[in-house]
Every structure is written in C-alpha cells, then in structure tokens.
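Each of the two complexes below includes chain A, the first together with chain B, the second together with chain C.
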Partner chain A sequence: MGDPYELIIIGGGPAGLSAGMYAARSRLPTLLIERAMPGGQIVNAELVENYPGFPEGISGAELASLMERQATKYGLEISVAEVDGIEVAGEQKTVRTSEGQYHAKALIIAGGSEHSKLGVPGEEELRGRGVSYCATCDGAFFRDQVIAVVGGGNIALSDALFLTRFASKVVVIHRRDQLRATRILQERAFAQPKIEFLWDTVVKSIEGNSEVRQLRLMNVKTEAEALLEVSGVFIAVGLRPNTGYLEGVLALSPEGFILVNEQMETGVPGVYAAGDIRAGSPRQVSSAVGDGATAAISAERYLSSI
Partner chain B sequence: MAAPQHVDDNSFNEVVIEAKMPFLVDFWAPWCGPCRAIAPIVEELAGEYEGQIGFGKLNVDENPKSATEYGVRSIPTLLLFKDGKPMTQIVGLRSKAELKKHLDASLT
Partner chain C sequence: MGDPYELIIIGGGPAGLSAGMYAARSRLPTLLIERAMPGGQIVNAELVENYPGFPEGISGAELASLMERQATKYGLEISVAEVDGIEVAGEQKTVRTSEGQYHAKALIIAGGSEHSKLGVPGEEELRGRGVSYCATCDGAFFRDQVIAVVGGGNIALSDALFLTRFASKVVVIHRRDQLRATRILQERAFAQPKIEFLWDTVVKSIEGNSEVRQLRLMNVKTEAEALLEVSGVFIAVGLRPNTGYLEGVLALSPEGFILVNEQMETGVPGVYAAGDIRAGSPRQVSSAVGDGATAAISAERYLSSI
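Let's look at the complex of A and B:
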C-alpha cells in the first residue's frame, strides 16, 4: 500500500512531530501515522507553562497545532490509522495498521503513553459517570461539588489546581506522605484553600450506582479504612507506554518502555524510539521534542549509510 | 458529504429519539482538547455511514439538560441511540476503527 517511504514515524505527539519536521527538512519521504489527531497527551493540557519560548504559557491544543503546521509545512505526510504491529527483520520494515500495511527502510516509534488505571472495583463501570482521566475535559461537570484527585505528580496537581475553578473542594489522595510534583505546583496547591490532602492513602474502590457517590479509602500506614463522599474522581497516577504490540519485537524495560541508547537507537538497525515511550524519558514536551530531533538525525545517518 | 447536524436540548427528542435510523450524538464543548481531536473522525464517519446512521453534535455548555439526562459527565462522549434508546456509550478519544465496530454493531 502506498509508495515505499524512507521513514515511517509512529505517533504524532511532540516527539513524532519534531522527528517529522527534521525528516521532512532533510527531504526524506516520510509518513507519520497517528491514531487520532496530532498532539498526543498535550491536547489535554490546559496550559503548558514549561516549554521554552512561551513565557505566558500556551494551551496544549494550540501548541500541538503549531507543531503540526510546522512539520507539514516542509512536506511531512500524516495518515490516521491505528498501528497493530511492526516487522523489523531485514532492510525493509513493515508497519501493520487498521488501514493496511506501510513499508519503509527506517522507523521511529514515538507512540507515547496513556494514563494508568487504578485497577480498583468501580473504576471501569463508572468511567464517564464521575470517573475521569482528563480534568480539562470534565472539570466543568462538577461545579460546586466535592471531587477527588488521585496521585501526587505534576498531572495530579495541575488537575487539582484546574479543578478548583469549578469544585467547592478538591481532595488530593496520595499514597505517600510527600509529592513528586515540581515545587512550583506544590507551592500553588498548598496555597489554594479549596485543596485538601489525604496522605498515605489509597483508593480501595469507587462506589455508586449510576454515578460516583463515594470512595473507599485505606491509610497504608494504619490500614484504617474510611469513606469519602465525592461526586467525581480524577485519576492521575502515572502513564504507561503504548508498547503492547512491541513485546518480543524490541527490547523493553520491565515496565514496558523501549530501551534505547543516547542516539535513540533500539538495537535493531534502522529502528528508533523517541519521547515518553522510551525508557528513562523525563516525559516533558521539551525532552520529547529533543528525542524526536535526535531520532530523526540518527535515522537520516542510517539511511545514507545503507 | 453529510456533516453531523447540530442538536440542542430543544431538538433532541425530535432529531435523536424519533430518528428512524440509529443516531450517534457527539457530546462536546469548545474547551475540551480531545473533543477537537475526535470531531474530524466523527465527520468522516458521518460521510461513510450516510443513509444508514444519523450523526449529531451537542454542545454540553449550551445544552446541559440533555447531558444531565443521559448521565454524561465526561467529554468527549459518543452516545449511540437505536430505536430511541441509548445503546452504546463511548467515553474518551477512540480510534476510527474502534468506533466503526460500534457503529456496525448498531446496524445488525
């Protein structure tokens, strides 16, 4: 299907779009495959405040669309398809997708990550009925209500701060007694009177009939259980890589991230990984963009050597 | 190509519930990033399933009644109605291939 490409990039987040821009400027016939719409995780970010060049911050959706425009301006081709698998033995690589097969001599895998689930009873059943993974999408449904945020990282605190615009109270539930989030977010959260913290606490189950009514909690130190009445719970307990189809194909870390060296090489000649999907990524827009550039430069070097 | 029609609280009953064909409603709002991502997929599907399934978009900011009535507390949510009853609720950004499976199921 289609003309043979020199390079295929899987994933249209910041890493993939950056790689695509570099490849297109190098005049490599390049196809980027994205399953929904370019941008990746950042389309959920209300405001990206730590990407250099935007001192007032920029909305994630806006940043994504600027990155897409910059990449396609130089001729990057983008297709919408869901990738099912890749074949990487030999010089010609194959990408199997929902829309057919594509071939290229080099691949950059930049498929990013997805929010992790808590894995507790009620989570799946009440998704969309009070259980949410996207504060910017769903916050406004919880005006003047009490809601919980589960997690202690940057996404959890950004979500909690955003949700104070709507909710009467936001309870942050964290399994440890200190936060992982960056200091500036911690300072803002501690100063926000609508935010309360429950430390050393995990969610045992999410309860309610047709919508979320309460959380069953447990203190991990005392093992005491408690109920918390909330009408919504936002889950921000980390990200897992979209590498299900790569098991047995590429070397992965125990957590499923793709192992690479500093050139973003996976160990299979001509196959690279970039962004959140690679092991050791700091999972920032700026690091993903850097990974994408590195991977594209490595791929270009490989393509001119074969 | 058929574009999804705008549905509001007033027209919901007539357009969606009384529809002769299965009908997919895209609950969205302007401030929701993933809603912007799923919109072009829904538009393409509206073209591909023209004459078999009806498609509509409902802005939850302007039409809170319908969202509340169907328990929508997360967007994007796609609600697929058949014979006036909600048959499938799809929450969050999904691939076109996955959405097609749900749409095909409503046609059997």
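Let's look at the complex of A and C:
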C-alpha cells in the first residue's frame, strides 16, 4: 500500500500553515502535524498590528483561524500529535510521533521556537497584557510609558535600544552585575539616556489586574525587595528552537536553529525548514508566511524531480 | 537643515509597503517612492488566493489598498516619482527622481520586476481573465482545462510541469524548434503525457470576450495560421527586474536581480533589497511581505548603529 502523503509539515504556526496552504493548493497530498492547536505562538497575541493586510490589526487567534481555514479549504490534512523524531533514508522520510509513524517523500519543519519563561507569578496571566516576548511586535503599544526589559544578552539590549523609540524610560533588569551582550551593544545602551540598569536583580512577580502595573524585584546579593512601576515588561532571557529531536539529522546552529539557504533547503534533499525554527529568522508572522511559501515551492520542485 | 527622512523605500508593491509599515511603526521617518499607484504587480490580480489570512481570496487591488492604509496609518509618507538613480557616499544616500533628489541614511530597494509581454492583441485586455504571468499563483484556477504556456526557457517548462497538476492538457508554444531550458527539465516535460509542444509557433492574438477562449497562432516557417482553444495562457517569455539604474552601484546577478543575503543586505552598508527585485525571490506576495519586514528590521538596526 502506498503512503497517502507526499509531504509532511511539522508545526502549525504561520510558517506551517502557509506551507500547507501552498502545498495543498498545488495538489500535493499533505499532512500537517501540530502538537496542540494550529496557530503556534500567535494564538497568544491579543493584537497583531504588523501583518500586512489588516490595517486595524487582528487578534492572533483569529488570524490563525483564518490561515487554518484557508489551508484546509485546499485539502490540507491536520493531525494532532507530538513529534519524537525523523528518519531520512533517501527519498523515504519517516516522522515518529506520539500517535505512530507517518511517511512521505518530503518534509517541512516549521515547529517554531519557544521563549524561555521567567516562571514567576503573573507572567502567564498577563501575557499580551503588558508581558511580551517580542519588542518588534509590541513596542509600539507602549508610547511614552515606562517599561522594563529582563535579560542581559544581545536580544535584551537590542530590544531595550529599539524600545527607546517608544518608551519614556526603559529599565533593563539583569540578575548579574555584567552583561553577556556584545561590547558595541553595551556601549550603545550605556550611552542612551532613556535606558537605566538594575543589576543583580531578579523579578519575583509581575503584578496588575487586567494589565501589568508593577514588578516585584529582589536584589540577589542583599535580598532586598522593591517595587517598580511599569506598564510593560519584555522578557528576553532566551529562545529555544524545538529541534532537540533533530540533532544528528540536520545541520543546526550553535543555538540549535536549523541552518537553511534562501530556498529553505536544509542540505538534506527533500527536507526544508521555515519560520522561527530556522537560523536567521526575524521571527515575524510576515517572514514566517514567506518562509512557508518558499519551502512549499521548493518541496514541490523536489517532488516533481524524483 | 537636516534631511527629513532616515529611510527611503523605492517601490510600493507588497515588499515596499510591508517594509514601510514596519519602518513607520518603528518610528523611523520614512519615505516610499512609487512611480504609479501603490500595490505593484498585484493590482492586476483579480483574485489572490494564496496570501495567508484571506481564506476566500481577495482582489489584488483591495489587498494593496489595505496594505497601503496600514503603512500610512503609522506615518509612512508616499511620493509619486520615477527613480533615475541612487548615489551612496558613506552614510549619505541620495535618490535621484523625476521630482528631484531625496536624501536618507538607509535605502530599501523594492522596485519589483516586470514580466516581458508578448505585445499581442488581447494580452492586456484579458490579463487576470485567463492571461497570467504566474503559474504558482493562478494554476489552481484551471482545473481540468486546456491551457497554454508560451516560452521555451526554464520558467516556461517549470510552469508547464507545475500546471499538469491542474490542467487536463498543457500546450507549450515556442517560437523556435528547440528549448533553452535545462536538459533535466526538458526530459521531464517530454516524459509528461499531459504536455504537448507546438514548435516554431508564435501567438498572434489572444481572443475571448470576458475570458480567454482561443489563441490565434502562426507557424514562423510556413506562416500558416491556426486557432487553439484554451481557457488560459501563461506567458513565460522573460522577467526583467527594474535595476537598470543600479548597475555599478550594487552587485547584480547575471539576469540583473539584486544579490542579497538572508537579512536582505546588499553588501553596501545601509542599502537593502526586498521582493521580486532580489535574486532568488519566489515571487509571491507572502515572500515579498516577509522580505519587506526583514529589510526594515535590518535597516532599523543599521540606523541605530551609526
């Protein structure tokens, strides 16, 4: 019995749904495997203002649902399962999941990445209501307000510098007394009068009713607690791509992102990556849908050629 | 007097409008220069079915108008002018146009590319009504129908092969008796039973009332004329990027497309390219908006660093 699918897509965020829509519209029998509900990270976004085509903005959940409807309209099948691993044996690709194995001749990996959490009270409850993991996406919501950035690496300082375009003051909260970020970013941040640093400090909780109002902080050396009034907090303490199961199969960057060329090819024939899981992604809905379309077109060409 | 703009974007298609929206939303004073009306090539598309977020499809003109509204809402300025050339002198970039010179510190070039036309009666009138220049975009509209592809290069044969997923028959019309396409594409096309070739043949006119009904053909050796009934014709006789004025300034591919890396950087600091004008673009609305967002984020980082 032949396998029913020519293409399997892992991940149902904007990249996976865009790839699935392109593939299904090209009449490729395609299965998309998503571990929870389609939409990926964007389902947590209360308002997406920067996806072209929606001048008034759109909620992430609604945008995800539109994208899902568009993909399934052309025949994309969606299954819910947790992917454990992939195997590549020439043209035959196998995806092992919690619900069994699936086979196809081409794979697009669009499993996204996860922002590391602080794991403090209020973080989950106030997400999208002042708690954000994406300065490019949400900075514009905080004009002339005081906001905090948590972290000390390159993303934290880039975010802080970017946020000075909007905020009246940006407080960088870092648990150590020195930064991991590159020297040039440090110099720029120290020279920017809107940025203040709180060293040796951790966030104990994020407080507010319907919106972030203040942070409860603790100095890790003195254990003294303090309150900081902010209307937003950007958490930039790390980003983990969902690629643990791909080690040894695909080439990954030191941080674990999948290395691809501009056609979204991984180096393994017939295997592509798209969206936040690939190295160099700007982590935007618009770039993810572009990646998905590109990967699907590449997969279609590969499938026509074997 | 300081220049009023930090960033200038050349071209108002999906790539330029996406870049403009991102830049303006990041509070960069930004000017977009478009030679005609915003929207670029998509304003000619009667129905765009494959831009994620619009499950029922949307007319190209309406999508362009939504994108324009979203970008100007954040303060993007749009001027109508024909660009004649750019000059780069370190951080200072000058854009020479039919309406005078503009200056900024960063440039995004998103001027698109143009499909070469046959220049025959009916081609313009029936565009979007059976005449198409994009198989990926429009192939799905021709299920179980007879369609023609005009051309003999790689794009023509890739299009013909792709269109066999939908059409009952694909007739490739080529003015010579041999193809320019690579050997492997030729072999695949010859082996595909749905594809037929008409050699030494040119299209004299495209005929139909509200939709394409037939092609009037002429054999260039015998000058005999014939009619071919088709419901669609895909014209793949060449693609010209609008980069004539960039020769000697930016690195271009042999075909004239702008070479960029995955961050849409051209190699000239502060100058970026996005959309169909860059080498390797899949020429889709979704990839163009992704390119635009990526280029704007790169430009914003550059402007913060100088």
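Just so we're on the same page, the second predicted complex is superposed on the first by the 183 of 306 C-alpha atoms of A that agree within 3 Å, B and C clash if a C-alpha of one lies under 4 Å from a C-alpha of the other, contacts with A are read in each partner's own complex, and residues count from 1 in each chain.
The criterion applied here is as follows: contacts are C-beta pairs under 8 Å (C-beta built on N, C-alpha and C of every residue); 3 or more make two chains touch, one makes a residue touch a chain.
Not measured: the values here are computed from a predicted model.
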Which superposed partner A:136 touches (first chain B, second chain C, both, neither): both
First, second, both or neither for A:53, with chain B first and chain C second: second
Which of chain B and chain C A:43 touches, first, second, both or neither: first
Partner chain in contact with A:241 - chain B first, chain C second, else both or neither: neither
First (chain B), second (chain C), both or neither touched by A:128: first
Partner chain(s) touched by A:270 [first = chain B, second = chain C, both, neither]: neither
Superposed model, chain A: greater residue contact from chain B or chain C: C
Touching partner for A:284 - first (chain B), second (chain C), both, neither: second
Chain A residues contacted in one complex by chain B, in the other by chain C: 136, 140
In the complex with chain B, residue positions of chain A that touch it: 35-37, 39, 43-45, 59-61, 80-82, 98-99, 127-134, 136-138, 140-142, 210-211, 232
Complex contacts: residues of chain C adjacent to chain A: 14, 17-18, 21-22, 25-27, 49-55, 58, 63, 66-67, 69-70, 73-74, 136, 139-140, 158, 161-162, 165-166, 184, 188, 262-263, 280, 282, 284, 286-294, 297, 300-301, 304-305
Residues of chain B defined as touching chain A within the complex: 29, 31-38, 40-41, 60-61, 67, 71-77, 89, 91-98
